[in-house]
Every structure is written in structure tokens, then in C-alpha cells.
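Both of the next two complexes hold chain A, though its partner changes from chain B to chain C.
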Partner chain A sequence: MSAHDKRKAKCQPAAGRFFTSLIRDIREGDIWVKLSLLVCGTGYFARKQYVKGTIITLLQAALMIFIPTMLWPYMSKIGTLGTVQRELVYNPVTRKNETNDFDNSFKILLFGIIGFIVVITAVVLYIKNIRSVRRLQVRAENHKHIDTFREGCSQLFNKRFHFTLLSMPVLGVVVLVIVPLIVLFCVGFTNYDRNHLVPTHLFTWVGLENFQSLFSQQLTDTFSYSFRVVLTWTLTWAFFATVSTFFLGIFLAMFINNRKTYLKRMWRTFFVVAIAVPQFISLLLIRNFFADTGIVNTICRDVGITQFFKNIGWIAPGLDYIPFLSNPQWAKATIICINIWVGAPYIMLITTGILLNIPQELIESAQVDGANGFKIFTHIKMPYILFTTGPFLIMQFIGNLNNFNIIYLLTQEVYVTQNQALAASNAKEVDLLITWLYRLTQEHSNYKMASVIGILVFIMTAACALLAFNRIIRGNREENFQ
Partner chain B sequence: MKLFRITARHAVLTFFSAVWLVPIVWMLVTSFSVDNGPNIRSFFPQGWTLDQYAALLFGSSVVAHFPQWFMNTLTIATFNCIISSMFVLMVAYSMSCMRFRMRKPMMNIALIVNLFPGFLSMIAVYFIMKSIGMTNSNIGMIIVYSGGSGLGYLIAKGFFDTIPRSLLEAARIEGATEAKIFLRIVLPLSKPIIVYTIIGAFLVPWMDFLFANIMLNSGLSEKKTVAIGLYSMVSRDNRNTYFGQFCAGGVLVSIPISILFVIMQKFYIQGITDGAIKG
Partner chain C sequence: MKKLISLLMAMALLLSCVGFAAAEDAVNLMVWIGGDKETDWINGVIEAFQAANPDTTYNITVGVVTYETVGVTALQDPEATADVFVFPDDRLHELVRGGLLQPVVVDTEAVIERNGGEGSGAMAASMVDGQLYAYPLSASNGYFMFYNSEYFTPEDVSSFDSMAKIAAEHGKQVSFPVMNPWYSYGFYAAAGLSVGLDEDGVSNVCDWNTKTDPFSGLQVLQALLDLVATPGFTDADSDAFVASVKDGSIIAGVSGTWNANIAKEAWGDSYAATKLPTYTLDGQQVQIRSFAGYKLVGVNSYSPNVGDAMDFANFMTDYDSQMSRFILLDDGPSNIQAAASDEVMANPAIAALAAQSDFADPQQVGGYFWEPAYTLGAIIVAGNPEGTDLQTLLDNTVAGIVTPIQ
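Coming up: the complex of A and B.
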């Protein structure tokens, strides 16, 4: 390559450079490289790599049969998501009514997306194949060693070991996480809901309509109102849940680790036992514990607490129980308190480690300067904990935004909303976005709105995570370790 | 005065411990109760019996199939434990100890995908599994739990990062293949994090409520896992007949699970502190 060419190549964008070098590979390649454009394995046959050549040719043949016959029928319809609705048609041959050859919109969407991923992968492999065949030719011309099949395989356990290690996990993630996420993302731009359920009905693309109904006030549907209510509560909840568990957890950790406390291990075990019981069991227990006709209410009535709350007007006059989980305000307060029960021991465990790591000189020098216990806490321990747990706190906040278990297990079948506007869009006052989205799909088949909410949840979490990772990345010393 | 402060300190701790243990104790005593429904008259049961355990383990009813649930969950947990742990350790090793071109992009993609709430993809996975007839089966649940588990590689990677690079370099110079380094050097040095990963993977099906509830929706009680099986016992219709059995089941499940959980916590902390020393 001349100096002029080099300069030209540098000015080109990366993609352009990639294609010019690809075209050069093909132009300068010998007859076998050019034949590889048609039958991908030929280049390997020419260098006596028969097994590899056969495998690659078979793979090519499989893809060339598989894509047009199995995937193309779905891919071609992805623009409309199907046009033929299922119906019974009289078949003159069998003289019976039979279902016609109907389109299934969801399958079209799913296999269409899979199809496009397969096609893109195939094109990438095809290009990579040409380049590797060309490299092989250059090696042969320079009389360098060309790996036999056996050597190639043993490379899979050495230099290319990552390929062996990663292939299955990556395949799993693509099929079970990434493809479903893309499908669900796309559903947000369709009208897939109760009135368009597959296979009996078709659904189709509607553009940004669902997002509009979430953000603009409309007379007939209350989604925008519900969204605001639920979003407000989600953010409030995440804030209070994170802060309350954090401070109580630190308090417990400091209290237990104080040198004046005896039997440290025993106290710690008590709290760990509480979180070691699977959450669905402890939360379902607590829900019955605090039920309107539950044991706590019996005790409160006997002791006179219920009467006291009634006197100060916290309970509606008609009730003779405390509506722990059935009144909006009470339920919200109860849920936050129960969350402390669930979350504080975790924070206690984590901060115990951090507290033990505080440099002792810091505390001693402060004591020499005459600081009392409280001052040491506010000026040394607290800043130290906040500094080391900052990113963790944000992750905790994200976790709480999506804290499905506690809300769902405590309020499902227990809490019934009285607010008609919320009920119309299947929301409750105590719903988080994530539980609302769950019930929209599982109970009301409203997939389009669920998908839209899911996208918004992602944007919200991603924004918070950016905050956290910025700090982690800045403090990332991954390479320094090595 | 000093004595008073120490007593006060321990009184506060006793109070907090009591608050944290009350629901657990309530479960324990209710599981021995003669009442089938939740006891709403007093904290302790009116009479003591083992009937709830007997009914749960040997009785037959449409709702409760506890032994079957237990076996289902055990099967799913065992296979998930094997597959997930392998996936996690394999990904962690590639990302930590090897250098290849797609490493950073793949880690970034994993980071972004991890931000999506897990069950968002589960809704679409449900349809995929349904189209190949895998819902309501143990195999389907194993696939669901273990398939995407490679994404949870970060903790193990963090541990592998602290293994001194000089060790790996020395092995490479001696001519060890990457596979040998992984199996003979890195894995034996990583016991705490391996135990943590294995126990963590084993616990997933016992603790998970959400995915199982989406996937096992046939209403057939025999197909359920422990989590949604026990959940069905305290639904509005069943609560008054099965609450005692729910508590008994809760106790039976909680004992092994909490022991494993405590061990896991210990190894997790050990893994982190060991790593710090090595680094």
C-alpha cells in the first residue's frame, strides 16, 4: 500500500475501511478464495483442511435451506404482523369445517426477530469466512505451517478457550434473555392486548400510540393518571425503603459490634435467621399476621390501641380494626416498616464488614483530639460508610424500584383499591411499576401497556445505574490488579 | 451507672431481636396448632398437635402435594445448580483471566441487559416455552433458571481478578494450556466463591416465586414448586383450611434453606476477604 493509499484509508470511516479491505481480500485472493464466495468450504479443501471444509460447507447448506423455508415465511410478514385471521372454513374434500391457514402475530414477531438475528449472524460468519480463507492462502504462499484439524481443535482448549467456555452461556443468554427482551420491546409498539389475543386475533403495529396514552390526558382511558400515581409511589417507596433499611442496618451493626455488647454472635444470628427464611414464606406469614381479622388486630383491640387510633381519627369511624394492609396510607406505612424487617439485617451484615475495616488510627487520633462517641460517628464512621457504600446504595435503590416480592406477596388478594380511575387501568395505590406491569400481563393480558411500562422502568433504572457505575468505573482498578 | 448502661444496651437488642423473631416463632407455634386456619384469638395455639405435619406429608388433597412439590423443586434445584455454576464460572474465567477482542463489548452488553427487570424477558420466554410445550414441566423450569445464568458472573469475576496474574503467567510459560490453568490453578484457588456460586444456584428455585408463577400456570397442583405450592395454600379460598399446613411446610423448607443460606453468607464474606488479601 502506497503512502497515498494509507492516508486515504485513514480518512475513511471504520466501516468503509472494513469494506475496502474485504474487497481487496477478494480481488487479490486466488481461485479458491473466489470459489469460497459460492461454496464456503472450498478454501479449506484447497489447503487440505478437509474436515473443517466439510463442516463449514454443511453449515452453509443448512443455513441456506433453513432460512428460506423456516424463517422467511415469518420474516416476510413482519411489516404487517399477519393478515389472515383465524376462522373456520368449509372444506369440500373432507366435508367439515376446518381452521384456515391463519397467521399468528406473536409467532411472526418472535420468529421474524429470530430470523433477522440468524441472517445477520450468517452474513457476519460469511464475511469472516472469506477473510480467514484469504489468510490461509497467504500462509500457504509464504510456506508457513497450516494447522491440521486436530491442532485446530486443541486450540479450542488453549488460545481460543474463551470460545469453548462462552459459547453455551452466550447462547443461553441470547435465546432466553436478549431475544425475549427485543420481542417485548417491540410489543410496546403494537396493539397486543385483550382484544387482540393470539391465536384467535391478529395484532399489528401502531407506532407510538401506547406511549401517547401513557403521557397525555384522555377522557376514556386513565392510564396517564394511573401512571403518575404509581410512578410517584414507586419513587417515594424506593427512597424511603432504601434510607430506612440503611440507617437501621447501620444502627444494628454498630450496636452489636460495640465492645460493650456481649454475645455478639448470638444477636447477629437472630437477625440472620429472620432473613434466611425464604421471603415468600415470611412475607405470606406477615400478611396473615397483619390481616384485618388477624392476630395483631385482635391484640391491638384487646390492649386498646385500635380505640386510641380511632379517637385521634387515624381510622375511619366505621372500622373496628386497624386496616394495616387494606387502607392506602396504612398499607404504605406498613409495607415500608415490613421492608425494614426484611432489609435491615442484610445492611447489618454488609456494614459489619465495613465497620471492622475502618482504620483504627483515624478513630484513635480523633479520641486524642477529644471527640466523643457521637462526633466520631458523624465525622468519621458515617462519611466512611457512605463513601464505601455509595454505589451499593444506588444499586439498593434500583433494587427497591423493582422490588416485586415484597409488594406483590403482601398486597395481592389483600389490598383492593377504592379508586375507580386506578381500577379502570388495573392499578392500585400500593403498586410499583413492576407489580402493575406484572398484573397487566398475567391477569389482564394487556401486553402493549406492560411493554411500554417495562421500557420506562428500564430507562429509569438505567439512569440510576449510570450514576452508580460512573463512580464504580472511575474507581475501577481491574487492570491495576494484574 | 455503668451496669445500667450495659443493661439498657442489651434490653434494646433484646427488643429488636424479639421484633425480628416474632413472625418466625409464630410460624413455628402455628405449625403445631390444632387450628387449620390462622389463629386469630391468641398468639399461641389453643392446643398442640403434630396433625399439620402428618396431613402435609401423608395426607392427600387436591390443593396440597407437598412431597411432590419438594421433589420437583429438588430436581430443578439440582440441575440448575450444576448448569448455572458451570456457566457462571466459565464466563467469569473468560472475562477475568483471558484477553480477547469481544471481551469489553460483551461485558458492556451484559451490564445493560442486567438492568432490565428479569421477568420482563420472562413474559416472552413464556410464549417461547409454550410454543415448544415446555411450560408446566421440570425441564422447562431448569432451562428458565439456568439459561441466562451466565449474566450473574460479576461476583465470581471479581474474585478471579484477585488471583495473582504472575501465577497464571508462570503456568503459561511452563506451557500449560488455558484449560489446564482454569481447572488446575484457578478453580482450586477459588473454593469460597465456588461454594458461594453453587449454594446460590441451588437456592434459586427454592426462593423464587415470580418465574415459577408465570411458567407453572396449568393449575395442576402436582406440577408446582414449593414456593407457588405454598402460596396457593394461603390464597383467599384455601387459607382457612390450609394455613396450619402452610406453616408446617414453611418450617420444613426453612430449616435446610436457612442452613444453606448461612453457610453461603459465610463463604461469601470469606471470598471477599480472601480476595482482598491475595490482591
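Coming up: the complex of A and C.
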């Protein structure tokens, strides 16, 4: 018997037990329990829990009105996502437009999903209610104390305080995170694009078609090619951006912390100013500085740097400027360098604190043993920093996978790709998945492909996070370090 | 004293009630304009509109959504889009297809009449399948040639070859935004090649890679590569044009009315403008064509007050509003009466646009045109560094333009 079969065998009786005990509860329950099947509050009325009974009955009534009238119209159409398209006629008398009762595919998707969540929740509550009414009956038969409404409420602040504390966050997570996530996930399986924009047009399910076009290898299909190019650069970028800022930040912190460095605070302030200015402003300014006709290019030309690069063949002979942000290779290098300028000060600040925390006796004893500065760095400081910043480093990597600001602000409107296959899919060599996704939705209304890319980015980042946290943050690591 | 205060308060309360009642009767309209600098103009129009309709109280609010983004913004959420909005004509088909534009069904004849009748460029830019969908506001969203008459005679500016030669002699440059397909379209159109919307109103048809009569796309591509390699010629987008006109390195270049003041300030009395020149195509001189650019006013079909919105859009684009727009913003009118007025005719930039209008086409291309065409432009400006076969370049471009993204 395999592990899977074992789990199955264990699982089925559990589910079976649940239902047999539920049926037993109903069968053995008195008339009030059976009546609770119809009017959920009756079981509580019978045990003199009038307030609770009223609340439960009202909730049941509200759901019974709300689900069929408000949610069912959407839920019933979720299979097709709507069939009636908008038509309109101008009425010259009322001076208003008169429209038919048209379907809005997006609303059907959204409220349909909400509807199913509400129905599932309602069913779970209904079953729980029967069991709790039956428990009340048993308590009453055994002449045990039955809580009054006030006692029940006060329990929410004592024995069951975790319910009170967690109810709002859980509700918030469901409404603000899970529902939108499910909806956006579903869009990846529809044909929601600029030909099917709601509310004027309808969109519908297309199954795995979008995923197929992302991974298919046909020659005419540039999307899968673009995806590979963009994915490769996204991973390359995340690696270099993380590693470069990390090490340069550490070196910066060590140089400033060095005993021989004067005016420590001034140096630190200089670097922190770079992150004090909002990126939105500083990056757009830098983009203008490094433009083909920008100030950096003017200086480079006057000083002769442009000519030097031309002589060693790094710039095409026809150009009289350095294509900092307009040539794929140059732009990638420039972006990584600018990212160091933006990102290294953060690492510097973090590692400054860590370096000051290293037990001085460790370093002193190493010095007594004859270790030089390099040895101390590789054997004491570096392991110490890595140990403390490990999780942060992984978060940096994940953050860089989705580092929208720096790429978008530096290349938007100045970078034009010369790769025709990329252009046909609205991608650029310097695009990350996230900036590509953004332009697909914002400029090209291609929601379906954006959703597909979003799903893949989600899988990628989730996998990275899980892997890293499992390997790096283990309870026993601290002992290992010591 | 106390009585007086309470009396005043009671009156204030009464007045505020009346005020609320009036506000409830008022017609609420939201208008989107393309930039902050248009605020004075639109406020004047709103005031005049209220004065012209004293029977109804209008509560008109103004929002700014740039011309680059208004089309996409409107399509993303029609119900949150303004009742009346100004947009560039290249978005017309997409907006009609998105069901956003209210067909103009009130005073239609008058609107068509005052913009030059059904055959005019303004109507071509605002009609789809014979139905009027927008009110033309201005006709100066196209491009033409600015030049410094210190260096060029009116005869010199008739061809790019003579212009580039003169510029090179002076160590200066003439410019054309070759990379930007909105401009470089004119080279292909001049050769009789076409790009336009397919019947579905969203995707494109394009014959740049197949047509050979009278010219082929291959010849155009070669001519463009030759042009960018010509001494005295440079590719310059709007920003580069502004910078180079200011520092004096560009003495003539193609741009639009939005840069007229820059050229005027830099060149003073020798500031001049004319239609686009000819370029050398397969040994012949061919007149460069252009996109005729119009700004249009659209009414949102999702507006709850669509009748009032149409009234306002109509008023906002009539003779008086267009004249005040010309005076405040230098924007050339689409209204033929306004366009023929002496003040407008005296403006060199608008006169140049009028001269180019014989060689201008309505801008009817789908959204997939731009990026592949931009990339082709970038390759041309770089001088085809990879040495890719020109026919392959054209084939790839056309494939990108006509194939909808999957």
C-alpha cells in the first residue's frame, strides 16, 4: 500500500464518520433539533437562548433572501459568463439612452465567485448549527448548565478570545486577498482582451488556450519566444541586482565603520540621501541624465569617453552618443548600476547595525591568533552578516523579480526594441515579467495574457520563497553558527 | 442680539435648504481635457454655456486626462469615464468598438456642415461607417516642416535633398522623427503603400511588404536608410527637436504646432513653416504624406445625462469655442469658418498644416501598429546594424502589425 493510498484510506472513514455522526445527530435529536433543519434558530429557542436563536434565524432569513435574489443571477451565468450583449437606443424625449438588460461578464465572474464562497460558507454554518443544537439538547438532558447570551458573549473575551481577535483579519484576508486572487486567476482562462472589453462586450471561458499560446513553439507565435526572453532577463536581473547591492552595501558599511574613516556620519548621510528622495522623482531624473541627448552624454562626448568606447568597439560606429538606455546590453548594465546606487544604501544601513553587534571579543581573539583583516572578514564578519540577513536576502531576490519601479521608470518612453519578434508581443529586452504584464494590461488591455503571466510569476515567487525559507530559516541554525 | 443671530441662522438654514434643492435639480456633467493649460479655455466655455442656457442649472466639473492615456483610461472603465471627453482621432475606432462613444444624433447635420461636409478630413476622422461619433474640436494635431528662413529660400524647402545639402554646408542639420511611426508613416503612404483598419475595427491590414506598384516597400526602406545616412540629416523626436532648435544645431525640422513657440523664439523673424518636402524614392522626387491629426470631443454613451452631454459637446466645439481655443492655445480650428478667418490664416504653422492637408490621411490604424513599426524605425535609424535582409524586416514588421496578439 503506497503512502497515497494510506492517506486515502485514513481520510475516507473520517469523512464517512462525519456524515454518519451528522445523520445520527439528526435522527437522535428531539423535535427541536429536527425543526432546526427548517428554521435554524428553533433549537436555541427551546433551550431559552432567545437572543442567539433570533440572530441565527435572522441570519438564515437574510441569506435565504440574499443568495437567490442578489447572487444567484450571477452564479447561474458563470458557466457562460453572460450571453446578452449591450444594445442602446437614444430616446429624444427623455434625452437619455435606453439599454437592454445586458450581461457584464466581469461582474458575473466576480459576483459569481463571491456567490459560491457565500453558499459554501452557508452550508458549513448550517451543518455546524445542527451539531451545536444537538449538543445543546444533550447538555439539557444531562441537566448541565446552558450558557446565557451574555455568558456566551463574555466567553469571546476569555476562553474564545482568539475568535474575536482573528475574525477581522480573516475576513479582511478573504475579501481583500483571496477573492481578488481567485478572480484574477480565473481571467487567465478566459478571452478577456481588447476585443472583449466589458461592459460593452462579453468574454467567455477558453480553457487552457492562453497557456498553450505561451508555451507553444510555433514560428508565427512570438509570445512564447518573448516569454522566454523576458523570463531569462528577469532571473538574471534579480540575481545580479541582489548580489551587487548586497556586497557593495556591506563593503560600504565596512569602509565607513573602519576606525580610520573620518566624518562617518557625513558619509552615511550622503548615501542615505539617495534613498530619501522618492524613486519616482530620482529615477525619472536619472533617465533624462542618461538619455541619448542627455547631460551625461554631452559630458562624455566633450571629455572624449564616447570616442574611447567607439575606438574599442563598444559603440556602433554610426552613433555619436553612448546608448546608456537605448541599446539592450548597455541598458541592462546601466540599470544594474543605477540599482546599486538606489539599493546599496539600504544594505549599508542594515549591515552597519549588524557589524556593530559582532561581539568584539570574537574579532580580538582572532587577531590574537594572527588573523588578518581578510581572514576576519571571510571567517567572522561575513558568516555573521549572512546568518542575520539570510531571510532578508531572499526577500530582496523575490522583490527584485518584481522590481517594477526601476525598470519601468528608467526605460519607459526611451527604450525602443530592435527585436521584431519582441515588438510583436509588446515586449522589450529590458522588460521584467511584471513590467511586461503592466504594459499588456495598461496599454494593450490584454488582461488574459497578463493574468497568465501573473499566475506564473506567482508560482515562481511562491516556489522561491518556500524553498528559501525551508532551507535557510531553520530553528537549529543558531547553534550551528556558534 | 440673540434674536438677530437666531434669525440669521434660521435664514441661513433655509437658504442652504434652497441651495440643496437647486443642486438636486442641476445637471451634473464631468468633462475631461488633455492638459492643465487648457483650463482657462474650458472654464470660459462652461461659463458661456451656462449663460446660453439660463433655464437649466449645470454643475460641470473639469478633469485632466492626457491625450496619450485618455483612450485606454476610458476603455478600462466606461462607467467611471467623464460624460464629455477630448481625445485624439487615432482612438476613434477603438472607442467606437468599445461601445464608449455616443452616436451623434442631435444636430448631426449642423455639426457635419460646419466642419466642411461629409467629404472633409475632419469628418473622415470622426465618422465610422457613415455614422458621426464625435465632434471635431481642432485640426492642428498633424505635423509639417519648420525652417529657419535665414538658411533656406521657399524653393529650397521643397525637397529633403536640397535641405540636407544646405544644412550640411553650414554644419547644421534638418530633422525628421524617422523612428516614430506616426511620422514615418508618411514615407510609405507617399509610395502608395497602405496600412489601415480591418473590418473588425481593431486589427490592421498592411501591404508594406507585398505591394510593388508604383513603388515597393523595399524601395521605401532603402530610401529611408539612405536618408538617415545623408549628411545634414538627423532623426529627432519632439524632445530632441526642442533641444536642438534651442542650441542651434537644427535649422529645419518636422514637428507640430505644440513646438511652434519654441521655433518662433529661437529663430525670431526668420521663423517659417511649410508643408512637408519631397524625398528621393527610386530616383524620383515623391511628396511625403502625413497623418491628419484632429482632436475630437466624445460623449460617453454610459453617461446618465447623455442629452445634456451632447448639448455641451456641441457647444464646446462651435465657432466661438474654437476661436477662443485658437486665441488661448494656438490650436487650429476644424470649423471651416473659423479656419478661414484672417487671424487663423495669418498663423504660419496653421497655414503650413493647411498646405499639407492635401497630402494628409485620416489616422485609422489599430493599436498593434505602433510597436512593430517603432521597432522598424529604430532599426532604420541605427542603419540596420545586423544587416538583416530588408524584405525580412518588412515581413516581420507587417506580421507584427496585422497579427493580433494571442
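One rule holds for everything that comes next: the second predicted complex is superposed on the first by the 442 of 482 C-alpha atoms of A that agree within 3 Å, B and C clash if a C-alpha of one lies under 4 Å from a C-alpha of the other, contacts with A are read in each partner's own complex, and residues count from 1 in each chain.
Heads up, the rule we're going with is that contacts are C-beta pairs under 8 Å (C-beta built on N, C-alpha and C of every residue); 3 or more make two chains touch, one makes a residue touch a chain.
Model, not experiment: these values are computed from the prediction.
Enquirer: Applying the touch criterion given at the start, work out whether A:469 contacts chain B, chain C, both or neither, answering first, second, both or neither.
Expert: first
Enquirer: Is A:293 in contact with chain B, with chain C, with both, or with neither (first, second, both, neither)?
Expert: Touch status of A:293: both partners.
Enquirer: Check the residue A:442 against both partner chains and state whether it touches chain B (first), chain C (second), both, or neither.
Expert: After superposition on chain A, A:442 lies in contact with both partners, chain B and chain C.
Enquirer: Does chain B (first) or chain C (second) touch A:106, or do both, or does neither?
Expert: In the superposed model, A:106 contacts chain B only, not chain C.
Enquirer: Once the shared chain is lined up, is A:176 touching chain B (first), chain C (second), both, or neither of them?
Expert: Only chain B; A:176 stays clear of chain C.
Enquirer: Looking only at chain A, is it chain B or chain C that touches more of its residues?
Expert: Answer, by number of touched residues of chain A: B.
Enquirer: In the overlaid three-chain picture, which partner chain does A:208 touch, first (chain B) or second (chain C), both, or neither?
Expert: After superposition on chain A, A:208 lies in contact with neither partner.
Enquirer: Report for A:260: first if it touches chain B alone, second if chain C alone, otherwise both or neither.
Expert: The first partner, chain B, only.
Enquirer: Between chain B and chain C, whom does A:405 touch in the aligned arrangement: first, second, both, or neither?
Expert: After superposing on A, A:405 lies in contact with chain B but is clear of chain C.
Enquirer: Same chain A residues contacting chain B and chain C, which ones?
Expert: On chain A, the overlap between the chain B and chain C contacts is residues 293, 442.
Enquirer: Can you list the residues on chain A that touch chain C in the complex?
Expert: Against chain C, the touching part of chain A is residues 86, 88, 90, 92, 94-97, 193-195, 197, 199-201, 210, 213, 220-223, 292-293, 316, 318, 416-426, 442-446, 449.
Enquirer: Looking at the complex, which residues from chain A come into contact with chain B?
Expert: Within the complex, chain A touches chain B at residues 106-107, 110, 154, 157-159, 161-162, 164-166, 168-170, 172-173, 175-181, 183-184, 187, 252, 255-256, 258, 260-262, 267, 270-282, 284-289, 291, 293-295, 297-299, 341, 345, 349, 353, 398, 402, 404-405, 408-409, 413, 434, 437-438, 441-442, 447, 450, 454, 457-458, 461-462, 465, 469, 478, 481-482.
Enquirer: For chain C, which residues count as touching chain A in their complex?
Expert: 72, 75-76, 78-79, 94, 98-100, 102-103, 105-106, 179, 200, 202, 239-240, 243-244, 301-308, 367, 371-372, 374-379, 382-383, 385, 393, 396-397, 399-400, 403-406
Enquirer: What part of chain B is in contact with chain A in the complex they form?
Expert: It is residues 5-6, 9-10, 12-13, 16-17, 19-21, 23-24, 26-27, 38-43, 87, 90-91, 93-94, 98, 100, 103, 106, 110-113, 115-117, 119-125, 127-128, 131, 143-144, 146-151, 161-162, 165, 177-179, 182, 206-207, 209-210, 213-214, 227, 230-231, 234-236, 239, 243, 246-247, 250, 253-254, 257-259, 261-262, 265, 269, 272-273, 279 of chain B that touch chain A.
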